[in-house]
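There's a structure below that I have some questions on.
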Amino acid sequence: MKVLVTGFDPFGGEKVNPAFEAVKRLEDYIAGAQIVKVEIPTVFKKSIEILDRKIEEEKPDIVICVGQAGGRFDMTIERVAINISDASIKDNEGNMPIDEKTFEDGENAYFSSLPIKSIVSNIRSEKIPASISNTAGTYVCNHIMYGLLYLIDKKYKNVRGGFIHVPYLPEQVIDKKSTPSMNVNDIVLALTTAIKTSVETQNDIKISDGKTC
Amino acid sequence: MKVLVTGFDPFGGEKVNPAFEAVKRLEDYIAGAQIVKVEIPTVFKKSIEILDRKIEEEKPDIVICVGQAGGRFDMTIERVAINISDASIKDNEGNMPIDEKTFEDGENAYFSSLPIKSIVSNIRSEKIPASISNTAGTYVCNHIMYGLLYLIDKKYKNVRGGFIHVPYLPEQVIDKKSTPSMNVNDIVLALTTAIKTSVETQNDIKISDGKTC
Amino acid sequence: MKVLVTGFDPFGGEKVNPAFEAVKRLEDYIAGAQIVKVEIPTVFKKSIEILDRKIEEEKPDIVICVGQAGGRFDMTIERVAINISDASIKDNEGNMPIDEKTFEDGENAYFSSLPIKSIVSNIRSEKIPASISNTAGTYVCNHIMYGLLYLIDKKYKNVRGGFIHVPYLPEQVIDKKSTPSMNVNDIVLALTTAIKTSVETQNDIKISDGKTC
Amino acid sequence: MKVLVTGFDPFGGEKVNPAFEAVKRLEDYIAGAQIVKVEIPTVFKKSIEILDRKIEEEKPDIVICVGQAGGRFDMTIERVAINISDASIKDNEGNMPIDEKTFEDGENAYFSSLPIKSIVSNIRSEKIPASISNTAGTYVCNHIMYGLLYLIDKKYKNVRGGFIHVPYLPEQVIDKKSTPSMNVNDIVLALTTAIKTSVETQNDIKISDGKTC
């Protein structure tokens, strides 16, 4: 088996992106599967084009995209991506789409095909906080997740895929007030657990992890 | 014109629901439109059935469902509802669905057909904090919003509809630590503004109000 | 009886200060006591000098200083003021003291002589969230509270005094993310309750309202 | 030189206390100074008695007490301890004092005699978030800090001392919503830096790190 794992480059004035900082530290083989790691630009459209090309080249069984969720407290496994972009800051090439569809012929939303509840449960077993998130925002993170699931729906039917958000690193919050962070080693362990779970789990477990709002 | 406005009854151990507390205080006519106010039970399925019957009876032009968003700081206008229920607490009749679709033949998600950006902008002009939310959760609030937009898609093509989340009232947070709240008069003014905006706005404005995550 | 109530002018880039916005709306008589309202500049030293002069002139029985606590969720009745100033932003005349004592011959700290537990309890009875705070910060709010209690200790032995922090108004948080606020009418009601309690209470009640940290 | 470092045992239903979890992992020598590590019970009065005995036995040059600050985001170096206990939960022997003085003949408050600003600055240089706190609460943490500084004032004039609060560990927040945490290795590095700074710094630096409230 082969797992393609992507992480974005830094954006929004940050010097690092905890997503790729963690992705690049992953082992080359996890649970017997080969891990291919790619850094992707935080740019609308181009990020999906690069992802598409990479999937074509590498023919992975599973694709997991990883992004920074500044302000979140724990590892958040995304449940769903929506067909809209609404940027509050420019991306790394100056684009700032407002209320634009990612693909005109796409569904309103796509659900992750990773075993998200099992991933949350297994990360918690490693003593790292994790939960399901029901929004990946409306910026490039949601955009790549939507693009990935659109591509899977249209072109790569046998691939499973999804998106994971990671908190800031401690070094990123030194000048930010009351902002949570997570050690990079904990993020690496959590991502490793997510990959292992995705490789080994056929049917997700059914446990409650919803939000009232 | 006629606007149907619903608010849920109290749930999760609360004595009041700020949604219906505010809805019942609305004027009977706003911007020339008649306002029909209904309290709806915080119950999966039954809430949608009651809503369906009410729409059939009242034949409104616009439907706005309102719910409590405990822990949120401002008025949040929901952008999208997803086809899943994942309850972390029981509803008011003991149901606690996990990862169940609301309608088997529905889209993965439906977008609000209210002018959400104009609503946010106009509420802010009244000096009340407001923003777009990209998740209505996975409990009865998302469920009724999804049900409303599904019904509109299938049966009531000419109706416009959406969902608004309101913070706790001050009296609800007296025994909760570090939890935001909003005065009921401010919520009433904000809802009035949302209704007025929905009645008077044909095409929504295009301003950025997205979230990076 | 006479109660002197002070509120600061706006600082830190804000257009209003919720403290004086509320203070100026107070009734002229509360619980039979005359209320004297004064706006005080958010300036180190000068604020204490003006307060001293005002106490000399008015000869109040009780002095309550009120200030803005941006980011706090509820009415906070301060327990203690410390003999240090450590400003993170300039005051309204450009002063920015770092680790300076307010009075060389003062105690390390002074405790409020208001019935702080009774005030919290009575404000909550009015359905408004309130709690004891154990720090008034190290800016002009702590400075005036320390100055007031120092003056009481040295010159005005029969006066009782203390400090109350109030949240932002809703209009102040429109452009701030995830920031709590309180309606000015609720703040006025809470302050009125605090004044009434101070006038009528000889001995404070003994109920727990501490913090583990 | 000798540094006595104390950490509390678990309280409030927690299975571990991040304070002693970190303290027990400290090296035996830091910056040439011998490190003596002691676990102290989270119990009013008894904790101070044990500390007093330990200081008498060990004759340290510096004493640093460490405690858990559940809900805080970063390492917080305490500036001041106040002469009051106001417990919101029982201590580990069932005591729950309300508004009681720790020592009748003590000052209203004592300031830390550690180089707190240098400690914050040096921990940040290690890429770990840290700040000054102006309240250690009113529970056993403030109690031991007050007791330590009282003992220094009365009996151990040549000793320098203070208190440091540490966040929850990740494993402690798995079932808590939106609660920050810090990896134990980061806490150990931060405490090591604080000890090194205390050993090597005669005069604290003068940089702003105050709070408006």
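So that you can tell them apart, the chains are marked A, B, C and D in the order they are listed, and the count of residues begins at 1 in each.
We adopt the following convention: contacts are C-beta pairs under 8 Å (C-beta built on N, C-alpha and C of every residue); 3 or more make two chains touch, one makes a residue touch a chain.
Since this is a predicted model, take the numbers as computed values, not measurements.
K.L.:
For the two copies chain B and chain A, is the contact made of the same residues on each side, with over half of the numbers shared, or of different residues?
P.N.:
same
K.L.:
Going by more than half of the contact pairs matching by residue number, which of A-D, C-D or A-B reproduces the interface of B-C?
P.N.:
When the contact pairs of B-C are compared with those in A-D, C-D or A-B, A-D matches.
K.L.:
Can you compute the centre-to-centre distance for chain A and chain D, using the mean CA position of each chain? Integer Å is fine.
P.N.:
Here chain A and chain D have centroids separated by 38 Å.
K.L.:
Using CA atom averages as chain centres, what separation in Å is found between chain C and chain D?
P.N.:
29
K.L.:
Just curious, how far off is chain D from chain B if you go by their C-alpha centres, in Å?
P.N.:
Here the centre of chain D sits 47 Å away from the centre of chain B.
K.L.:
If you look at chain B, which of its residues touch at least two other chains?
P.N.:
Not one residue in chain B touches at least two other chains.
K.L.:
Would you pull the chain D residues touching chain C in the complex into a rising list?
P.N.:
12, 67-72, 79-80, 82, 84-89, 96, 98-99, 107-111, 117, 132, 134-139, 141-142, 165, 206-213
K.L.:
Touching residues of chain A toward chain D in the complex: what are they?
P.N.:
73-74, 124, 127-130, 170-171, 173-174, 178-183, 185-186
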